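Chains: A, B, C and D, in written order; residue numbering restarts at 1 for each.
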């Protein structure tokens, strides 16, 4: 019953091993933790730096802007690169098991946040990939921890995980529909109407069945339009399914959050999760005192 | 448990302080309240005036129409401006704490409903912003009060508020996906296919992932289309989440609205969850006192 | 509690008053009722005729086809017109209160199904409006009655009616958002980018917020695209609301349909809808026999 | 109450009759079953072959690729055709009732997977239809059986079946709306704006009401746009219905899957709805026998 808190997720903390004494302990507390004032400030500063660097990358991709501010842009770039590189090395330095950090999710993200810049010396077009550093913003939730955003985040993830199987099955079904429909449209409309090949037709079928409907490719023949209409209506009905799955999942959790009596515990056998209207423990049969709830 | 009625929302009334005697009391009752015939009529007249002025502004933006009716359009404008200005001053005059009203939501809206016209003397293009006065129509709900629309309105707001956190977390996740996807598409498709910069690509990614799909920018390369297809299918599945959140919320409330009596308890056998219209405990048959509910 | 059967909907039957003896009784049974073999056959024939006439109208609107088959098309037209006119007169003839039928929903539909053809003598372009006769197909549900489609139909309607208020409130909110957004976009993008007037901008805002996204009008400026992106994401989240409303409604009904014990009736006071686990009637306190369920 | 496991679906197995001794038994176990190592390997190999052949067909439809690799493409084609033909014959050979297999769902699919290739000798354009063989991938679920994907698949199907009636009724309603709307738009916009005929207008109405919005046809007149806006908003609200139906269905099942013990009843006080893991009645404290479930 996944409305129960379930096994506690491993907090990002544990992944990094226990810190040592002295300056490394200090550094660790500041860099990795967000419960001290210094730690929070560091994380906030980091968030700001990441955001600025992202804005920088985005502006840089705007031709007109790039031309106008060539000079200081490259300087800012170097500055951020240096900053993040130093930070990464510091992180490596102050954990007990550098490798365990380096191979952790955040470790990989931190590396990807600087790597492209160095690779860009050889393959300039890779430069923009530093946008991966947006993932670093996930750390922001650590600062918001106290406001229970984490909780919301976890419950969302739990719902997704719980319905993963159904959604996979569903996606596989959709893929088949889409492949067959695409093929049919390829036969019906043919290359002269933009359905130049089966892959393209499948791409069109996906845009149609997900109701995106770019309109770069559209059926022109009457038969094609009839089939497309069917696809939209049926596909539309079928695509109500994942919503249904997710919703059922979330509703169940939501309900679970409300059936809070699940913390009632038998005084005799310490069995937890007894219902509010029970007179006897359903596990050991011991009589229960009137249920206390405020 | 937000399926319970919860703490009563502050009614728009309270914001305006207690009225005084004499003509100000009369004016207050007419202008601010909608429970007397005069008050209702005033509000209805106001609604009509607001609607007319909105139609006016919209028609005025239609070039052909503007040319044809220049003459009386400007007169109507002046008339409405005068009307709303007078009304605003009257409101200020007949409340006990003018500032408290002026700084209240409706106070600000009422001001914004006339301000742009005066600013338009200096910045003509600001004129159309008087459309903000559409917000004044929110007052209409006061007239419909008796038909429980307010209730519906409140419960909608409650559901939104209750799931605000989850939706925020969700939006943040979507923004990251969209930024990364946009960057990838910028690398894959490049400026020659309309993805002129990362911001533009992100804009495209948003139109795609929200299934709006304008089609002003579309992937041309096979790889780009493959990535776009993935985005649509996955993004599609992921975007079932907010619906799930909202629905779970509303379902919980909906359920709550129906089962409110579930705390009624039999005095004899302490059986909980008896229905509001029961005369006898459905479990032990003991007669029940009249059900108390406020 | 609308999970209970609620007040019985007036069946189409009642609207037509009680029939007379002789041929009119026969005609009535055949034309209005679908429980005798003759009645079912008549209804089926009617459905086919309606469908054929619809196909006819649609084909007629295809220029190429119209040219090719001018001759017999007009004949078919006349035939169907005569048929439906006769039928309408028959219906009028064999009910006791012709006016009550004529003013009933189906009465109006039946009239609208022939009227346009006669009006078409004077205003030819009105001809296609005979498509209204598609509504006559609603009668098909009478034939399917036994298969409980009616039930599904009613429960759908009930859900829609039950959530009408919320949806109205919601629509009003959306209309305000859309009007304000449209105005802002009109200011930001201006006529040179296709936002030629506020009404047009509002039309665009609606296509965007409902995720239809035709793409005939799209923002070109960076600011416009930023605002549009916000609209899509937020609007997207907000538009999860009606789904939530409907779903909560249907889930509640669905649940209600399952709490079928609501047909259990007290032997003493004939109070209906007692719960399955009741030992005593919650209304009169009489002891209840063990609940029978198969 | 379809939240109960319900009657077991006929597993694909039963359709094929009981196998014989000797090599046919061996072949049967390998080809039709996936519980032995050999069977699993065979199915996996089959999946890979099917996928490869699909990729082949898709690549072949890409003009540039077809030109480049004409030579070995035709060879690969012949190879796959031979393979699947042999497999089909083997299947026919090792079942006791070949005809019962041939007329079963998978039997037909297996035939359709090879037939087009032979027909292609006479009608080359039919060739691509071999994509039907994508349906063969449904067999993959047999291999995943142990991971409960089948369960997810069944429950999805059950939800769809359970709400089939409502969705049918709903689709019929939508079709009427769409036909009427299409006709109106045909009258309002007319051929000069792309609404060349009623069928085309209906096609447009469907793309609009399902929020696909290709944009190949769009209203140009103000009246047309006003009607379209109404269609989107209302249609949008109405289209929340199927989602509601599906979700309610899945939620009910989801709930049911969790609460299956709700029929367990205490032998002493006949209290219903005891949980599966209870040792004592939570109401009267009486010890409970081991819970029976099949």
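Assume a residue touches a chain if its C-beta (ideal position, glycine included) is under 8 Å from a C-beta of that chain, and two chains touch if they have at least 3 such contacts.
It should be emphasised that the depicted structure is a prediction, and the values quoted were computed from it without experimental measurement.
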Mutual neighbours - chains that touch chain B and chain C alike: A, D
Proportion of interface numbers common to chain C and chain D (over half same, under half different): different
Most distant chain from chain D by Cα centroid: B
A-C compared against A-D, more contacting pairs: A-D
Mean-CA-position distance for chain C and chain A (Å): 41
Rounded Å distance between chain A and chain D, as computed from the means of their C-alpha atoms: 28
Touching two or more other chains - residues of chain A: 199, 202, 211-215, 243, 245, 247, 249, 251, 277
Complex contact set, residues of chain B against chain D: 211, 213-215, 243, 247, 251
Contacting residues of chain A [partner chain D, same complex]: 1, 165-166, 168-170, 172-173, 176, 179-180, 183, 186-187, 191, 196-199, 202, 208, 211-215, 218, 222, 225-226, 228-229, 232-233, 236-237, 240-241, 243-245, 247-249, 251-252, 274-275, 277-285, 287
Chain A-touching residues of chain D, taken from the complex the two chains share: 54, 57-58, 61-63, 125, 128-129, 131-132, 134-135, 137-138, 140-141, 147-149, 152-153, 155-156, 159-160, 167, 171, 174-175, 199-200, 202-203, 206-207, 210-216, 239, 242-243, 245-247, 249-251, 253-255, 258, 274-275, 277-285, 287
